[in-house]
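My questions all concern the structure below.
To keep things simple, chains are lettered A, B, C and D as they appear, and every chain counts its residues starting from 1.
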Amino acid sequence: MALTEQQLAEIAAQRAASATTRRATVPALEAMLFEAREVLDHGFVRVVDYMGDDSAVVQAARVSYGRGTRRTTEDAGLIRYLLRHRHTTPFEMCEIKFHIKLPIFVARQWIRHRTANVNEYSARYSILDREFYLPAPEHLAAQSVINRQGRGAVLQGQEAEDVLNLLRGDAMQTYDHYAAMLNEGPDGAPLDPERQGLARELARMNLTLNTYTQWYWKTDLHNLLHFLSLRADAHAQYEIRAYADVMLEALHAWVPITAQAFRDYRLGAVTFSAPMLDIIKRMLAGEAVEQATSGISKREWTEMMAALGRAA
Amino acid sequence: MALTEQQLAEIAAQRAASATTRRATVPALEAMLFEAREVLDHGFVRVVDYMGDDSAVVQAARVSYGRGTRRTTEDAGLIRYLLRHRHTTPFEMCEIKFHIKLPIFVARQWIRHRTANVNEYSARYSILDREFYLPAPEHLAAQSVINRQGRGAVLQGQEAEDVLNLLRGDAMQTYDHYAAMLNEGPDGAPLDPERQGLARELARMNLTLNTYTQWYWKTDLHNLLHFLSLRADAHAQYEIRAYADVMLEALHAWVPITAQAFRDYRLGAVTFSAPMLDIIKRMLAGEAVEQATSGISKREWTEMMAALGRAA
Amino acid sequence: MALTEQQLAEIAAQRAASATTRRATVPALEAMLFEAREVLDHGFVRVVDYMGDDSAVVQAARVSYGRGTRRTTEDAGLIRYLLRHRHTTPFEMCEIKFHIKLPIFVARQWIRHRTANVNEYSARYSILDREFYLPAPEHLAAQSVINRQGRGAVLQGQEAEDVLNLLRGDAMQTYDHYAAMLNEGPDGAPLDPERQGLARELARMNLTLNTYTQWYWKTDLHNLLHFLSLRADAHAQYEIRAYADVMLEALHAWVPITAQAFRDYRLGAVTFSAPMLDIIKRMLAGEAVEQATSGISKREWTEMMAALGRAA
Amino acid sequence: MALTEQQLAEIAAQRAASATTRRATVPALEAMLFEAREVLDHGFVRVVDYMGDDSAVVQAARVSYGRGTRRTTEDAGLIRYLLRHRHTTPFEMCEIKFHIKLPIFVARQWIRHRTANVNEYSARYSILDREFYLPAPEHLAAQSVINRQGRGAVLQGQEAEDVLNLLRGDAMQTYDHYAAMLNEGPDGAPLDPERQGLARELARMNLTLNTYTQWYWKTDLHNLLHFLSLRADAHAQYEIRAYADVMLEALHAWVPITAQAFRDYRLGAVTFSAPMLDIIKRMLAGEAVEQATSGISKREWTEMMAALGRAA
């Protein structure tokens, strides 16, 4: 991450300003407001605004006139009940807004979450910075041989070196050609006065997918939890999980009760199908169930035993 | 509107509390926060939370690091440009939350706006209050004879009196029967110990559609403008327009630049089709265009001349 | 249900017509197309159009050029895998459209599912029929004493009779007053030429919530499954579950593989939190876990033991 | 476009199959079903399924039991009225599904339309083809000097040649390096047995944004019209407009009445603000209005005069 002096000054100015409000306010989240938390090699996550707190969930669930708070334990119990039973609408009553810098191939996964508001930096209108993602050595993984959309062991030695050189070299070269085709100097004047310069909306097509872009991304608490349940999951691609992990920290600062319930009932939860539940009941009754007579497929049996921490 | 002592106390307590925040804060909206503005005979609109201000629109459009403000006139120009050209995503970056009390038949129109978050008071879970909407005499209108979904002249004399008596009598009777079927006293004890009481989720079906319900309703600025463009319009049913008008006041307090642009480019705007535009050009060139040779239908001609303030 | 002669004739005419198409076609669903299946006392569900079949799910998941079918067992395996792992987007590629007649209080629950397209019969524009829902004796339930939003035992004897009389009497009276206020005869002429007639958009407010309305409702397969998982569930109110049950039959006719996977992995499935999963592991290892030392609350313990079919 | 023999055979097989259906069927759209219409140098648009026709709009607007058709002119009048007055819900009752091959930078613009269902070919799971977009000479435009997000004159001579060489060279090189890092031969065996091969989910980041991807994209008629109103517009980037133009042809084949109304009231329509409308009225009354005293800004004045085809 390389924030410019001016960007740092703008962030500092925002952090220094304060006002009085009657709205629900969360000191732990205020403390991190506007700050850029580093993600990957040039990316960041900044919380730039929020609405509501844990109490706002309770307030909406009760459609109450005041803050809706009774006793703290009662509120926590209600939040946990709502989350456990997927009564999701009260969680939609809180909102959070992030400023995020991320590689384009990550942005393409991210944007598939449709229930969010997005303003992306426009490469049709402006010129992108010369920044691209290069995996750290420990994240330069081979293709998994058992999971078509997963990673295997970390690449070693010459292969790792070659791959990094190719990624770096191509990103630098395509960016330099992008700049050359634009033919626009830092002052806006043409680099080569003999050339017109290719339209920005066309020149951008020469950039590689690890080029960084940035956007404002705003969503409600329910949809944030849905995003995190998929993207902070072990099956998510590492590069998007790195963002989800930082956002999970912001979640804990913002709505600690909801965040804990989310960890208990969502992140660590396992769903068993009707036939699987039947098998568990038989096992609890002392029966030694085997896959062949279990009524479920081998694949499901393997998944189920893994969830129960047993040998398949 | 009949807020109870306790409800008024809860609202007063919320208004009395304050905190320091780094977030964008709008004093004019803070001033009205939590207060119940009366609508119709028992309804209200309360702004209970908000996120962002005019500058947040600018900030998102520029994907900026700081507040995004340059000069005020420049910001206003950008907001007006965005609204005029329907670049709607930056307006999605502001959010507002209302607590609203409204008749069920109004709630049924309102809920058709899908891009919003809603928590409604549950008559499956709780007992509704004995409050129902009765039109003021000046809103007791006859069916329009020219518009199948519009109103005509105000009812007069005996007919007006009869209608009000029927509405009032039926609402009171059905509510009393609702309460009798529930068989539940103010303390939760049965009114008649010999009876079990009908399930709340069934008893509610006896209520009339002018019974008041209430909900928390949250939406972003873009969708609020869309709601207001339809519901603060002269073609909207008076009873929902009454709510839209109060929300329009909140809009002006919250985002004055956006609100003014909305009035200029949306509320008072007229869209002409390609053939209509052609007619205007011919008229401006001095031609006396007539419907018969205009190329548009009589109905469209009438609509167009009405928009231009000319006799059809 | 009381379809008029003309309505029956229109349905028969639609069923009699046929055409040749290159689109995916499902004979079992074609067989029930347009037919009104009775629900409650005057309601119905009609499938009026559909797009896609089980193969369309496979086709989209593979982004294939042809029908996407390999071997049938392979397709079924893929559909079951997608559903089990909540890869939901391929299920969004099928679409279904219903014409539904339902009481207004059911419509109010239903409309909370926002990801659907709806056209409701407008009581602002037209006059509603004199039809209202009255529960059959076996569905006239008392309020549950253990679940604030549930039903208890069926009402008996005099109380049942009284409740039905109140519901019937109020619905008939409010409808008759609605008609009187409208002052419009079957031929459109005023009933009483001395009166103007109240605007339809106002008169409707006198109707009770068990009055029937109707709408066209269209959704994709993913959102239909979500709807059914909530509304065909034992915790759903009986009156909406009655509709969901009929729609579940249509689901089986339309996409039999998806429907079976839905029953296995969704309808009968149970989700255990991380702490619950830990308890199951301890129990499977032979430990006699008790609530007090389980690490979960009494309420969760009760829910968990119920899911496992064990005494709490 | 280079469809393989197998892809062409699969398309031909689908076109050859047919079935009998009771559903609304549109022969003109059936005629083009499944066929790949070329767009840009390697892209295509294929209509792969549809639901409903012009009559389905009428049927939903009337919540009718049969096909909903009265006289054809009456239906057309209703459709035109609905579209003119933005009564959009009946148009949501028709659905269409496309299979589209498009450059990634176009896909990134396209995906911002959130109310659609999408299944994209996964470069995490599969290997992308060696196909990338290179503009035809007449589309190789310079940056506009008056519109920051627009194009100016077409590049000529050496500059055009250089740009095309850079684009072609970089795309070929980055793809070749992508393939080398994957280290996977056509038979799935490693190209170099000494290497593990980089994970697909990582290797893809080396591709340039003009690489082709493909997806299934499904939306309802209302949202399709919204998409086309923005993307078939003169301000849209040429590369996405090329897709919109082909989809507009499909629209005419599918719902001819709606398509014509869309052209009249949406594509060629102009919206004037309240102050602009006032100026038109003054001009029609014979006044020679000038910008200085018009009450609108210079920018708006220029936009308005352009719409009216007059010198600013």
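Methods note: a residue touches a chain if its C-beta (ideal position, glycine included) is under 8 Å from a C-beta of that chain, and two chains touch if they have at least 3 such contacts.
Keep in mind the model is a prediction, meaning the values are calculated, not measured.
S.K.: Looking at B-C and A-C, which one has the bigger number of contacting C-beta pairs?
M.R.: B-C
S.K.: Rotation angle, chain A onto chain D: superpose the C-alpha atoms of these two copies and give the value as a multiple of 5 degrees.
M.R.: About 180 degrees of rotation relates the two copies.
S.K.: Please work out the Cα centroid separation of chain B and chain C, and write it as a whole number of Å.
M.R.: 29
S.K.: Between chain A and chain C, what's the gap in Å when you average each chain's C-alpha atoms?
M.R.: Using C-alpha averages as centres, the distance is 34 Å.
S.K.: By the touch rule stated above, which residues of chain C touch at least two different other chains?
M.R.: Expected reply: 89, 112, 118.
S.K.: Which chain B residues qualify as touching chain A in the complex?
M.R.: For this pair, the touching residues of chain B are 3, 6-7, 9-11, 13-15, 17-25, 30, 33-34, 48-52, 56, 59-61, 63-67, 89-90, 92-93, 95, 97, 99, 117-121, 214-216, 218, 220.
S.K.: Taking the complex as given, what residues does chain B use to touch chain C?
M.R.: 103-105, 108, 111-112, 114-115, 118, 122, 124-126, 133, 135, 140-144, 148-153, 155, 159, 163, 166-167, 170-171, 173-174, 177, 180-182, 184, 194-202, 204-210, 237
S.K.: Which chain D residues qualify as touching chain B in the complex?
M.R.: Within the complex, chain D touches chain B at residues 77, 81, 84, 89, 112, 263-265, 267-275, 277, 280-281, 283-284, 297, 299-300, 307-310.
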